[in-house]
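The two complexes that follow have chain A in common; it is paired with chain B in the first and with chain C in the second.
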Partner chain A sequence: MTSQRTAILFVLPALALYLAFVGLPILQVAAYSLFTWDNGSVTGFAGLANFTRLGGDTVFWTALGHNGIWVVLTLAFPLMIGLLLASILAECSPRTVRILGAIYFLPRTIPLVVAGIIWGWIYNPMFGLANWALDMVGLGALGGAWLAEPSTALYALNVVGAWTFFGFCVLIYLAAIQAIDPSLYEAAQLDGASWLKRFRFVTVPLLKPTTLFLGLYAAIEAMRFFDLVWVTTQGGPGYDTEVLTTHIYKTFFLVGDFGYAATLSVVLLAIVLTVSGVSYRLLRSA
Partner chain B sequence: MTAATALTATRHTRQSARRLTLGAFPAGRLLRHVILLLFALYALAPVYLVLLASVRSEAELFSGPLSLPWPIDFSNFSRTWTESGFAHYFVNSLIISTGSTVLVLITAPLAGYAFAKLDLPRKELLFGLFLAGLVVPAPSVIVALYGNLQKLGLLDTRLGVILPQAALLLPFSVFMMRTVMQDVPKELIEAAAVDGASPFTTYVRVVLPVVRPGLMSLALIAFLFSWQEYLLPLVVLQADDLKPLTVGAATLQGRYGVDYGGIAAAGTIAFGPLVVLFLVMQRSFVRGLTAGAVK
Partner chain C sequence: MKHLPAARLVASTMLIAAAIPASAETVVTQWDQFASSGITAAGPAMDELIAACEKVLPDIKILRTVVPSIGIRESYRLAVSADKTPDLAYTWPAASVLAGYARTGKVAPLDAYYAKYKWDGINDFYRGRNSYKGNIYGVPMEQDLMGVYYNRDLFKKLGLEVPKTYAEFQAVAAKVKEAGYVPIAFGNRDRWPATNTLSLVLGLTAGREAEEKVLFGDGSWTDPAFKKAAETIADWAKEGYFPRGFNGIGYDEANALFLGGRAAMTITGTWVLQDMARGAKFDLGVFMLPPISEGVPAGTMWGEGSQWQIAASAPEATKDAAAAYVDCLISPEHRQVWVEKGFLVPIGTKAEDLAAWNTLPAVKEFYAEGLKTPDTNFYDLHTTLPESVTQVLYPELQRLVGGDATPDQFLDAMQQSWSKAVANGERWQP
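Now for the complex of A and B:
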């Protein structure tokens, strides 16, 4: 009994802080979503009226679609690149691994706000590096205002997202590869398996749990990222880079509709908790 | 497997690889090295670009993004630091990040220890509660958090950023600390108990010294994430002299859309400390980041 009481005392500070500033607000947000609000105070019970509004909210569906595209792009690009680079690095000298590992990870240490500002310049139509580089190789005609054009804005932003994320994937994959029994690779080599075959038949299958973990991580980040969009396009041009978080922010701070902002928050929470719950099961059984 | 055996293992595979490709034209290897270098360029080019721009004088602005600035001009830094208020922003980032990190360092190891080693009732449920928090997006709690902070009188105070920031970092931190604490030998804790030490004394005198590398990793990651946070301070802080670097840099971009040298210097001030910290403490960082992922 006393030992149980001690254990509770040990958990208490963390639990109190966590419940006060994360747990409680989540419950409040869920409650807020059931009311109509005006100017920061409740005006009436709304039932599920806020939720039925979602159906006709085209911005919401557009934003959700963009989050979906972001998930797919993140799984397709930084994750695959991370796997490829990590498997190449695994056969390099420890010094190369340390130096290149640091270089790949470096962008992750840069705040997304600053990353957004830097890349905003790279994409600048007048003096940006992107158009300048295209000019240099004779493809100047392909240049444009990357972040201002509806057809390119979201993808141009995703390149920035990938920039800050692929190094993390390299490090995680590398740690997992180094934990693989080296005799497996030696056996494959003695059988005359090429690098590509070793990659395909040894590395990739053995890293399935790591891929699942990174996939989950990437998907969650893709659902909840905010800084990058807010500091570069604020969801524009039009709604072409709108995501759920920017939609929530605007609904709350610019429109002042607390009830509907809470509803959108509940939807976002429901999505990330469902995705992670399902993936957690998958990870456990993998 | 320990890091040392992993390294000798990679070295070993590398040597046998060299033996096997001997004589054949190593086109595959060349291609693989080109890939490594291309992505190093992708990672470094934007950083290089902003560093160049930060020491470029205004007169040279349109001489091409990659042209070397000469003479090197530090006036962007002095102007940003003094006139644009970045000395304040820097101190605020330091206070807010240190505050959150200290809070996390006090609370998360205690909880991680209880989850890993103590007889905690409803352990699964409580841990699940923290686990669920791993994915909670900050924007989804802001709607309620904002009003709560207002009622507590914490709106427009640094503490109003520090407390929720630490709370949002806790799920990851508790998870990581549980993993770290699981490796503390049971005998060590039992021996201290036999000597008559109270659980708390055991924790402070015996457990904490053993997990010091883990604490270091936790501190670095908590500091990194707090320093990078944008949404919380953006929402909570209105007074300009309370804002951290991330908010300051974003405001500067909006305010003087043409002062590129100044913005580059501001960006460099905002990420410089993190880059230096990461390069110096790389090993600790990587251990922390991979702690939760690989196990």
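Now for the complex of A and C:
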């Protein structure tokens, strides 16, 4: 009994802070969504009117679609590259692992705003490294305004996102691979399994919980990201890189429609909580 | 009995407070965006003028906060919504956004101060842009104009003359392109530069009167003159007047392209005049874009940059103090300080004044040209439209110039958003 009370006492300060700085603002935002606002001032009670606006808001649906594409691309590339590199790295010497691990992880330490600025230069249609490199290898005709063309903008941005995320995947996978019992690999080797077969039938199945964790972490991040888009394209050209967070930012800060921005935030929160809930269940069962 | 010590404490505190003579000084909190460098590099001039005005008005103390111009709109909006509005603020834009604060009673009407201090240098156009439903809510200060900066050396090299008609302008652009240079340095990654270009093109295609029919009357965005403006800017992009990938080029990068001598012209405003004049390693010239449609008078887009506005929530004495201080800032004797040390030209400054003051030749030239047509100068769209419409204008214009939307699709999207904003009562009307 005493120990339970002590435990509660220990938890209380953190819980109080959590409620004050997370719980309360969430409730506040949810309350905002029930009112109409004009330039930051409440003008009346709206009930669920802000939520019914969502159906006809084409920018919202476009943005949601882009978030969805981002989730799929993040799951497809950084995770796969991370898994492959970690599997190769796991068989290298500890010194190589240390050096390459640090190199791979480096982009993760760069704030997304800085990464956006750097890649903005790389993609720049006037002096960008990407077009210059294509020119150098005789593929200049493939060059373009990567962030300014509807067909490439979102994918070009996703490359930046993948660049900042794959190193994290490498390290997490590497730690997980190193925790796998080496006797399983020895047994497979004795049975004549090639590297590819060991990877396919030993590594991949045993990394299922790690893959689930990384996948769901990536999915949640893909719904929340903002800074990278804002510093590079602000959602343009047109609406081609618009995501939920940039739509919320514009509605809140630029239009001053706090009620609808709060509604969009509530929807985003619901999506993230759903993904988190699913991830929790999947991770527990894995 | 239990409450006695507390009551005593309150009573004694009140007695002490009453015994201290009240200070005669009125403190005015001020937010402005004048930094030490960049577009709004009037920070040192601001400090100098605060010192000068505090000397003239010894009962007023200014508490200055510099808010970067890039985020001042957002910061001010948050301050207003939290009821922490600074007593006096110098923010952008006027017209629609200012009208939003006037509509919700967050900024104070200044009509009485206009009458008291006789701010007659602010003409009807600028007064209108700072008015809402018949009352004035802002004191505009910077006089912004749009024009065409050009590289005189390159023009000379290519045997080009300053165009006097739109057909000549098109011929100049074609010849520049043929010679392997970029005709117009233009970058629209930041989304707002194209709105300035469209504002200029629209004024020279439709004229101020036709603009007002739509902006303040029952006219529609699908008006043929508006369509011609949309077609014109889309054609410029199609004809290769702009650099490749312009929607991915930043405003500053486009200016650098021009200053680096790789483009013959750039169409922008006086807000970068100092940077242009100091950065150009060639002979810098300025001309006004000629009228595009027949029968439309010459003119240019003008605006106020930003304006002084006083919080409605400020005590009356503070409002009076803020107005007296603003009067000091915009007084004719202080205009010269703004021009010579603040690198901005206050509204009401005449071309003759500039000719006599110590400023760059390009500044004198630009204002001499732009101030010739005060009766036909027209509106800047992205400060005139309600913010909800501006947030449609930015992406739709990117699509139009990028070739991803037709002029009709662009105008339909604008009309749709415009109708919604008008129905919501968001429209600014002087």
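Simple rule for what comes next: the second predicted complex is superposed on the first by the 277 of 286 C-alpha atoms of A that agree within 3 Å, B and C clash if a C-alpha of one lies under 4 Å from a C-alpha of the other, contacts with A are read in each partner's own complex, and residues count from 1 in each chain.
Operating definition for what follows: a residue touches a chain if its C-beta (ideal position, glycine included) is under 8 Å from a C-beta of that chain, and two chains touch if they have at least 3 such contacts.
Since the structure is predicted, the reported quantities are computational estimates derived from the model, not experimental observations.
Student: Counting touched residues of chain A, say whether chain B or chain C comes out ahead.
Tutor: Greater contact footprint in residues on chain A: B.
Student: With both complexes overlaid on chain A, does A:L147 touch chain B (first), chain C (second), both or neither?
Tutor: second
Student: Check the residue A:Q178 against both partner chains and state whether it touches chain B (first), chain C (second), both, or neither.
Tutor: In the superposition, A:Q178 contacts chain B only.
Student: In the overlay, answer first, second, both or neither for which of chain B and chain C A:Y32 touches.
Tutor: first
Student: In the overlaid three-chain picture, which partner chain does A:G235 touch, first (chain B) or second (chain C), both, or neither?
Tutor: second
Student: Report for A:V113: first if it touches chain B alone, second if chain C alone, otherwise both or neither.
Tutor: The first partner, chain B, only.
Student: Name the contact category of A:G40: first (chain B only), second (chain C only), both, or neither.
Tutor: both
Student: With the two complexes superposed on chain A, say which partner A:F258 touches: chain B (first), chain C (second), both, or neither.
Tutor: both
Student: Pick out the shared contact residues on chain A: the ones touching chain B in one complex and chain C in the other.
Tutor: Common interface on chain A, chain B vs chain C: 40, 253, 258.
Student: Give the list of chain B residues in touch with chain A in this complex.
Tutor: Residue positions touching the partner: 1, 6-7, 9-14, 16-17, 20, 28-29, 32-33, 35-36, 39-40, 42-47, 49-50, 53, 61-62, 64-66, 103, 106-108, 110-111, 113-115, 118-121, 126, 129-148, 163-164, 166-168, 170-171, 174, 199-200, 203, 224, 227-228, 230-231, 235, 245-247, 249-250, 253, 260, 263, 267, 270-271, 274-275, 277-279, 282, 285-286, 289-290, 293-294.
Student: Please name which positions on chain A make contact with chain B in the complex.
Tutor: So the residues of chain A in touch with chain B come to 3-4, 6-8, 10-11, 13-15, 17-18, 20-26, 28-29, 32, 40, 81, 84-85, 88-94, 97-98, 100-107, 109-115, 117-122, 127-129, 132, 163, 166-168, 171-172, 175-176, 178-179, 182, 185-186, 189, 194-196, 210, 213-214, 220, 223-224, 226-227, 230-231, 244-245, 248-249, 252-253, 258, 261-262, 265-266, 268-269, 272-273, 275-276, 280.
Student: Sort out for me which residues of chain C touch chain A in the complex.
Tutor: Chain C reaches chain A through residues 73-74, 77-78, 80-81, 97, 100-101, 103-104, 106, 189-191, 243-249, 253, 257, 387-388, 390-391, 394-396, 398-399, 402, 404-405.
Student: Under the stated contact criterion, what part of chain A meets chain C in this complex?
Tutor: 38-41, 43, 123-126, 144-150, 233-239, 242, 250-251, 253-258
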